[in-house]
Structure formats: structure tokens, C-alpha cells
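First chain written, first letter: the chains are A, B, C and D, and each begins at residue 1.
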Amino acid sequence: MVLEVRGITKRFGGIQALTDVTFQVGKGEVFGLIGPNGAGKTTMFNIITSMFPPTMGEVIFMGKKLTGLKPHEVTEAGVCRTFQNIRLFPEMTVLENVTVGQHCRTKSGVWSSVFRTGAQKQEEKSIREKALELLRLVGLEELQDTFADNLAYGQQRRLEIARALASDPKLLLLDEPAAGMNESETKDLFDLIQNIKKLGITVLLIEHDMPLVMRICDRLIVLNFGKEIAQGTPEEIKNNPEVIEAYLGREEEEDLA
Amino acid sequence: MLAELINPYYLQVLSFILINIILGVSIYITLSTGQLSLGHAGFMGIGAYASAILTLDYHMPLVVGIVVGAILAGIVGLCIGIPTLRLQGVYLAIATLGFGEVIRVLFINLEGLTKGAVGISSIPHIGRELVKGLQDFGFKASMIGLKNNQLISLSVFLLLLIITLLIIAFFIRQTNSRVGRAFAAIKMDERAAEAMGVNITYYKVLAFAQGAMVAGFAGALFAHVTAYISPADFSYHRAVEILIFAIFGGSEVIWGPIFGAAFLTAMPEILREVNEYRYMIYGVLLVVMMAFRPQGLIDTQMIYKLKQRRKKKGVS
Amino acid sequence: MILEQLINGITLGSIYAIVALGYTLVFGVLDILNMAHGEIFMFGAFMGVLVTNTLKLPLIVAFLVAIGVTAILGFLLETLALRPLRGKKGVSHLAPLISTIGVSIFLENLAHHFFGAGNHPFRTSFSEMSFQIGTVTVYAVQIVIFVIAVLLMVGLSFWLSKTKAGKALRACAESLEAASILGVNTKKMITTTVIIASVMGGIAGVLVGMAFNSVSPQMGLSMGLKGLAIIILGGMGNVKGAMAGGLILGLAETLVVVFGESGYRDAIAFALIIIILLVRPQGLFGKASEARR
Amino acid sequence: MRKFSKGLISLVAVSSLLGITACGGGGTSSEPAGGEKPAAETAASGDTVNVNVGVVSILTGSGAGYGEAITNGLKLANKEITEQGKVKLNLLIEDSAGKQEQALSSAQKLMNSDNVSAIIGPTLSTEMNVVGPEADMNGVPIIGTSTTAQGIPQIGDYVFRNSIPESMAIPASIDAAVKAYDVKKVAIIYGNDDVFTKSGFDTMKAVAEEKGLEITTIEEFQKGQADYNAQLTKIKGTNPDLILASALYNEGAVIMSQARKMGITAPFVGGNGFNSPEVIKIAGEAAEGLIVATPWFGDKQDEKVQAFVEKYTAEYGKAPDQFAAQAYDALYVLADAVERAGSDDRDAIRDALAETKGFKGILGEMSFDEEGDIVMDPTVLTIKDGKFQLFQ
């Protein structure tokens, strides 16, 4: 197992955001995390990446406990994420954004940077090469010198993925990557996720675009009001009466189509 | 020819500009991780007092005094930086303001060490010491056709120029490196930087301590250029003045505070009438800059465009 | 002796509290530290001097003029220095702080120009009124200051919690966006808040002038920094905390003198800022959750 | 490296540009920089000695009031000196804004661009601490007219002052007060964050100890404080016969006002900074009983003094204070020295200044001691019936 989420419960003040959620993600899987708005999906991401601690439960990644680590230590361990409400570094160029992603895989400090040691120069060169390679992967190579702020919406989503990939993750957490994308962009995203999967990277995906989810995910978990209501393959989920009810009750019928 | 060009007055003004540039750089470093410090006058004071006391009371060489002063300010910055890390934005600014004032009160009250409000006078002067050193080697001002005071002012200026250029070069290189990118990432989006594997605690404390150290360094130089310091030199107004260098010139790129410090220091010399309204202008400047150009006159876009233009020219 | 010192401390503390109330109101609603508050306070004090000493008009006129002028200053502060920053893309949360520092520097030096650097006497027959309790002389001004401080605190709490306008204001404090969706005219509410806060500063200014017979352009900075310390002590945006914090600081400063360390009197406020921020950033009376990070 | 050299080029460009503009701004002065002694040539052309005198004073900012009085006093003196025609002094006035850095820049300008033979000023002791050593090193005689802190004349051979230091004023006034009121116990209150009040306090404490007076308490206050009640209540509790207050008149007047209101009736002794007619304006009746020692007494029954007061009032619309008077006398002392030196040579003027003995000015009779400090007997004054009077 790459990721084991064990009995996660999270309370904010009086609000129960997550209740005893447990699931496992196998190596190389694309695992979907779905549910209506406010179901606690992003909260789950925040707990996995240690942005804040769970009230109860723990997260194990490749046999290592993530709970209690600092967020950057989680990234170092090989878990990286994107954000639902895109959080790029707006005043950096596209290329620079990706280089920041490589931060925890590189090590030049103040002195080697200031004195431009051989090792540092070598490292800078390889950082750049790798960043360009990743931009090629997401199709933004042409725009490398553009400020991230000036990118189109879909491009920003892809840049965020490239930036996350730069940290050499074994597990990639994508938070609604298709949100706001048109049909052709969504198709490109589908291909991109397939490619990421081919690289041997496990993907945990939050997404509202059900056709995309059903096509790309190997397995899914469905949350509603912070509780698991179903877990299984897309086929099993589609036919689960509880899931249908949860979605029907929220007038989002077509989402499951 | 040379003798007529070298006017101690201009060199004096330029020397103060250089010291203020170093101060501008010091606040730039702190700001480059998005931390606003109103305590830089305090760090400057620590550097100045430490160096003055070491050279005057303990007869240490100037170099030792200045370096120890800077390091001490850096250490204090470290000690302040770590606990204040959990404070954000406004709260950090207020805490540093409190720190700066406490330091000033300590300067006033620790009379045994600092001579209180009366201040420390006859601090060894960089230029005079340097020229004395040269004379010991048998070098005299008249040998290059200068008067003694011209040589003194010239040596102060050149020394400060070299130091300033080194500091600027240091931080330009740091900015264009992994460390600088981490700083910038933290400034733009702390949470995203954290998620990308940047140890924000480490880099924020690093930036804070570096800023404190550079401010302390500038303070030590200041003490040895004016040869007299008193607690009033390191008040809240000084902290605001340092901040204005960065706010006016711009805090996104290092050229911003450099320009800000140079322009605002030279302005009252060139336009003496401005002096009367200097602080009123500062006040209006802060408000106007925040409303119309919060990033300062010189920003990333501007530098970027300049670079693009140069690139194009290179091609054609 | 100690009784007299207590009265001194409470008087000073009440003044601090009135200054801090204005601070805390703006912070509570707008999340902005108004660094120019001290200077608005100073202008209020100068209006008092101008009216009573220069124009020889009665004290009540002084209060009215001070209220009027500080209200205008508050309005200008909001429209010129704060509103342009609001909702603008890419403006950091530090911008209003810096902008109000700008206003404070400007006002301090403007006062220098208008009124000169020196202290101005503030003589009114009212400030001479006193009575004797045992061996202790109590001045009417001291009582008035304390009463006004309490009234303002109670009034402000009542207004915030019970009246419609106050509720709208608190809605603004929760979330400007949500308040405007709920139909609150946020622009008007914000302007009102800044004006009320400024007026409270103005009133405090006149009271200080009366109590200490001294008004100078520099008093704004010193009082402003004290006010800052108090709201950090009492919890940002906390009305009762501001009152308690003011009294604590006033008494602490007086006691430091009593125990013979008057040289550190000014340092108390600054040391308090640091200690409170590090140990209990939500302030003595704030709720812990308010100050996450 | 490329980036670095680019930076270097732009910085050099910026600084040279500033240099050029600074030249443009500075070029308005009467003498071009460079030539060894341009003034000497003009001096040779006439019978009278023609000398450039630099003035560094606060013309802008919070201390501008002092600077105004000083420059007014100087201008008035210069007008008279020119009329007398024995020497001709060209006053070149530069602003220091009360800041050390700017005072130093201004002095550098005067010494190097304008080639002055002597400097009067700067206004504050803090400024003199920075400017003095530089002037001394350049061999330019410099006279402080308002710098009263300890150690000023000791900066060097070229540094003089004609303002009486606290170490002269305070013993005189304490002496007088002790005699008149049979003082045994004194309380001290002083501003601990200001150079002048702090050094004044040091003197007060030393004098009180030397005279065997019991110090009941020492209280401190800080700039910008409006409330002195806590300190005064404490002083009141110790019931002193005399209160020594080292404060600038702005704060001092408020302290007296609050003290009297509290029922403290003991007389006050103040330092140089406390001595101003403004005290009466601010504190009103509460100012009664303030004792100060001063070189300057405007109501003195002396022809010279009255003539000065009359002329000054006619010219500037207000009565002169001690700063104006000290500056006025300083320029006369300098003119006297220039006349004796007979040239604009800096060293000659210095030597002549050092020999000044028994000079009779509006302040009284004064000399310089071997360190360049003033020697004279100050007058002790007290505030009575709403004005300064001789203390009996």
C-alpha cells in the first residue's frame, strides 16, 4: 500500500468535518475522492499533507507515519498536492514556479549560492533541465518566461501539476484539476493524468467531473457530510443506492451519468 | 585635477547614501519573505553600540568591532525571529516595533555601558584610522596630491562603496538561487511554498536574521563614520525611514530599496527647501504608494521588461 | 500617598482606555491597525487648546470643535488612505498599516507646522476644580475622565450588541462580503466606524489636555504606541479588554514610578507588546481561536 | 558575474549622477571649490580683512525655533560689524535640520566647497559631537553658541564655545537657592532620554552631593510624556526644600504646572534648557519660583544690552532670547579675533580666538580658557510676578 488513511476524524470547533474515514491506495492506482460540496474532501487533503492535524486517526505513507510531520516534511517524504483554488506563485515565471517545486530535492544553501560553487552551478543546470522537461510534459514549454499570473485558467491548473511533479512525488494529490476547464482541456488533462500514471506515480484525485472520474479512476471513495458512504470500483459506485441518493438528494443527478 | 574633483562634502553625502543603501538592503531581505519589521532601527543600534563599545572601551580593531557588531545584531535577530515566527503580518510588525523601542530604552538606561542619553562620542573614525594606518606604511596624502581630509573622505567613500557593492552582489546571487526562490515563494504564498517542500520556518528565520545582521552592519559603519551615536539615532522614526526606502523604491527586487535609499537621501541635499517638508513628504509618499503602486517604483515587471528589451536589442 | 498614586494611575489608565477604544473599534471591524489614531487624538487636543486658550470660548465648544475636526480627519483617513486599498488585487494585508503610518507621520509634521514644536498650555477653570477626601486631593477632571471612559465603553458595547447599526457593524467585522450580501451598506458602515473611532480619539485628546495642561505634536506618537500596547494586551477588537488593558497599563506605569524605576516607565508598554504577543497572542481577554496564526 | 558587473555599472552611474546634481546644487555658493585660499586674494584687495564664516544651524524641523533665534542674532551682529567696517564677514548659512548626518554634510560643504575660515554652530551638542572632530581635523576654528553639554571644548584645539555649560550654570543657581532658602533636602527630576537634560542631571547630582545636600529621590521622565503626576506625587511625599529639574522648558513648564496644582510649593532650579520666557507663557502663575543661572538677562540695566534688545525687537518683531544673545556675542568675539589676526588664515584666527580675554559683550565679560571653554560669571534669575528678575 502506498497510502493508508486510518480512522481520520476532524472537528473544527463544533463542526464535524470528517468522521472516522478509512481507505487505502495501492501503488500506481488512480484513486478518486468524490462527494458533494462540503463533504470534507479538501479537509482530507489538508490532513494528508499535514496542513493541519486530524482530531483522531493517522495517515501512513509507504510505512511511514505522516501525521505530526510538518507540511514540507510530507512533501520530502514524497507526497505533493495541487490546490482547489489555484495557488501558484503569481509574480514568478512559469519556469521559476516549477523550479520551486524541486526545492526539497536540491540542497544548495546560502554560501554555495553566493560563491557559485561547481556543485551549485551543476545543480542549477539540472534544476532547469528538469523543469523544462516537466513543462514539456504539461505542454507549457513555450510559455516558460511568462508570469504565472498571466496564464489562462487551464494553463494555470497544468502548471500547478507540473510544479507538484517537480518534487518527485510518489503520491500526487490533485484537488479538482478539471474545474473550470472546457471539453478539450479536460481531454488533455485526462491524457496528462494517464501519463503521470505511466510514470509510476500514484494519484489521489478530488473531482466533480463525473465522466472524467469514472473513466480515469481505478477505485473511488464517496464522502457525504464527512462520512464514507461507499468505496469501490467506478462500476460498483455507479450502482450504489446510497451514492445515488446522496447525489439525487442534492439535485446533481447528471453528475453521475 | 584629482585634488579639485575630490570634495569631502560630496563624498560625505555619498557615504551616507551608501550606508542608507545598506539599510535599504537590510529591510529588503526581511521583506523578501513577506515579513514587515519595524525593529530595524533597533538592530542598527545594536551593531552601532556593540562596535563603538568594543573599539572604544576594549580597544579592539575597527574590523573586529564592526564584524562583531553585525554578528551580534544577527544573533539578536535570530533570537527575536524564532519566537515571533508564529506571528503574522501586522502582529509581527507590532512586535518588532515593541522590540525596537525596548532596545532604545535599554540604551538609555544601561548607562554603565552606553553612557545613556548623552551618547558615545569620539568613536574611532574609519577614515581617520585608515589614513593613520596608511601613514604608518609611509603613505601620505600629499603623495597623490591630496589634502589629508580629502584622503580621509575618499577612503571612507571607497571603503563603503566596496562594502556596499559586495553586499549587493551577495544578495543578488542569493536571490537568484534556490534560497532566493524559497524566499520569494514564501512571500507570494506561504501555504503553497510549504506544500512544495519549502521549510518556511527555516527560511523566515534566516531572512529575519540576515536582515538584522545587515542592519547591524550598517549601524556599525554609521557609528564609525559619524564618530558619535546616541539612543535618539535609533528611534521609531529611523525604523520608519528605513521602511520608506523599500516602500518607495520597491521591495520586490533589490534595486528598489537601493534606488529608494539613494534618492531619498540625496533629495534633501539637492533640494534644501525640501527639508522643511521632508517628513510630510514621507507621510504622503507612504499613503500614495500604497494606493497607487504598493509594490514600489521599481518592480519585477519593470526589471523583466528591461531584460526583454535588452535581449531584443542583442538579437537585432 | 499610595492612594494618590492609585488615582493618578486610574486617571492615566482611563485616558489610555479611551484612546484604545478607538483603536480597537477600527481593528475589530476592519482588521486594520490604525497607526494614525494617536495623531488624530493629538489634533483633538490641539483643537481644545485653540478654542479655549486662543479663542477664549467655553470648554463645551472645545469638545464640539474637537469632535467635528476629528470626525473630518476620520472621514479623510478613510476616503484617502484606506478605501483606495480595499478590495484591490495584489495589495498585501500590510498595506493599510503602512498607509496609516504615512498618515501619522504626515499629521505629526503638519501639527509641527501649524502649532510649532513646543508644549501648549491648556488652561480652563474646570481643570482647577478639586475637592478634598481626607488628605487626598481629587480633581473633578480626574473623575470626569474616568466616568467618560466607562460611559464610552458601556455605550460602545451596548451599541455594538443591541442596536441595529451595531449589529450591522459586527456583521461587517465577521465578513465584509457576507455583510454586503445581507444588505448592509458596508461602505457607509466602514466610514461610520472610522469616524466614530476618530471622534473618540478627539475626545480623549481634549481630556488629556485638560488633565495634564500640556499639548504637543509629539504626544500623538507616544499615546498611539501606548494604545497599541493596550489593545494587544486586552485582545484586538475587544471593547472590555481595551478598557481593562488601559487601566492595567496606567496603573503599571504609575507603580513603576512608585517603586523607583521611572526610567523604565515608557518601556513597560513595549515590553508588554512583546510578551503578550509571544505568550498569549490573543490578548488577556481574547478567545484563543480568534488568533490562530 | 555578468549580473554583478551590470550592478556595479548602474551603481556607479547612479552615484556619479548624484554627484553631478549635487555639484549643481552646491555651486550656488559664493566661492568655487578648489583654490587654496580664494578669500585671501579678496582680502588683499581692500584694507579690511574679508573672511568667509560658515554657519551651521537648524533652519527646518522641530528645532527650527532655536536656529531662527541664532541666525537672527548673527545677522544683526554682522550688520553692525559691517557698518563699523573694521572687518568684513560673509555669513554662509547652512541647515542641519537638527540631525548629525546633515550637520556633518553641511559643515563639509562649508569647509571644502565654500572654504570658510571659521564656523559658528552647530546648534545641538549632538551635532557638535559629530562636526567638532571633523572641523578640528581640518583646522577650522568652530564656535558653539548653544552647545552646553560636557566635553565639547575638549574635542580639540579648534573647538570653542561661548555658551555657558551646565557645569557653570547649575552650581551658581544651586548656590544661590541654598543660601536664600536654607535648603537641606533636594529632589531631582530629569528627562533621561535626552542629551541635554541627562548631562544637566549629572551635573545637578554631582553639585548636590558636593554641597552635602540630602537627595530625597531621583525621578526620571521620557520625551512626549504628558503626565508627570506619578513622579511628582512621589516627590511631594519626600517633602524636599528644593526641586532640581533638568528639563527642557517645554516639559519643565508642564512639570511646574502639575507640581503647583498638586500643592508642591518648593522652589525649582532648572538648567540651561529650562531658561526661557516660554515657561511663563506655558505655566503661568505656576512658573513662580523657578531659579536659573544664565549668561543673558534682557532686563539688565546696561546700555549695550538695552540697545541690542531694542534693535533686535525692531528688526524681528520679538524680544531676543539667550540663543540670539549668545550668537550675537559669538560673532563679535570672532570679529574681534579676525581683526587681531589680521588675515583669513584659519590657524591665525584660532590663535587669536584662544587669546580672547576680558571681552565685553552683551552677556558680560568673558574669556576663553586654555581648552576653549567660556569663562564668565553667570547671572542668577528667578521668575517673580510673571517675569524673570534678578535673584536676591
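Everything that follows uses one rule, which is that a residue touches a chain if its C-beta (ideal position, glycine included) is under 8 Å from a C-beta of that chain, and two chains touch if they have at least 3 such contacts.
Note that the structure is predicted; figures quoted are calculated from it, not measured.
Hopping across touching chains, the smallest step count from chain A to chain C is 2. Put simply, the chain farthest from chain A by mean CA position is D. Chain B has the C-alpha centroid lying closest to the overall centroid of all protein C-alpha atoms shown. Contact tally for B-C versus C-D: the pair with more C-beta pairs in contact is B-C. Chain A and chain D have Cα centroids separated by 72 Å. Chain B and chain D have centres, each the mean of its CA atoms, that are 32 Å apart. With centres taken as mean Cα positions, chain D sits 38 Å from chain C. Those residues of chain B in touch with two or more other chains are numbered 105, 108-109, 173, 176.
Those residues of chain D in touch with two or more other chains are numbered 61, 192-193.
Touching two or more other chains at once are residues 90 of chain A. Chain contact topology: the protein chains form a pattern that is neither a line, a ring, a star nor a complete graph. Screening every pair of chains for touch gives A-B, B-C, B-D, C-D. By the touch criterion stated above, chain C contacts chain B in their complex at residues 33, 80-81, 84-85, 88, 90-99, 101-110, 113, 221, 225, 228-229, 232, 263-264, 266-267, 269-274, 277-278, 281, 293.
Of all residues in chain A, only 49, 51, 70-72, 75-76, 80-81, 83, 87-92, 96, 99-101, 103-110, 113-114, 116, 120, 123-124, 127, 147, 163-164, 166-167 touch chain B in the complex they form. Against chain B, the residues of chain D that register as touching in their complex are 3-4, 7-8, 10-11, 14-15, 18-19, 21-26, 33-34, 59-61, 95, 97, 100-102, 104-105, 108-109, 111-113, 126, 129-130, 133-134, 137-138, 149-151, 155, 191-195, 197-199, 202. Residues of chain C that touch chain D in their complex: 1, 4-5, 8-9, 11-12, 112, 116-121, 123, 128, 137, 139, 208, 211-216, 218-219, 221-223, 253-254, 257-258, 260, 262-263, 265-266. The touching residues of chain B, counted against chain A in their complex, run 170, 173-174, 176-182, 184-185, 188-189, 191-201, 206, 252, 300-301, 304.
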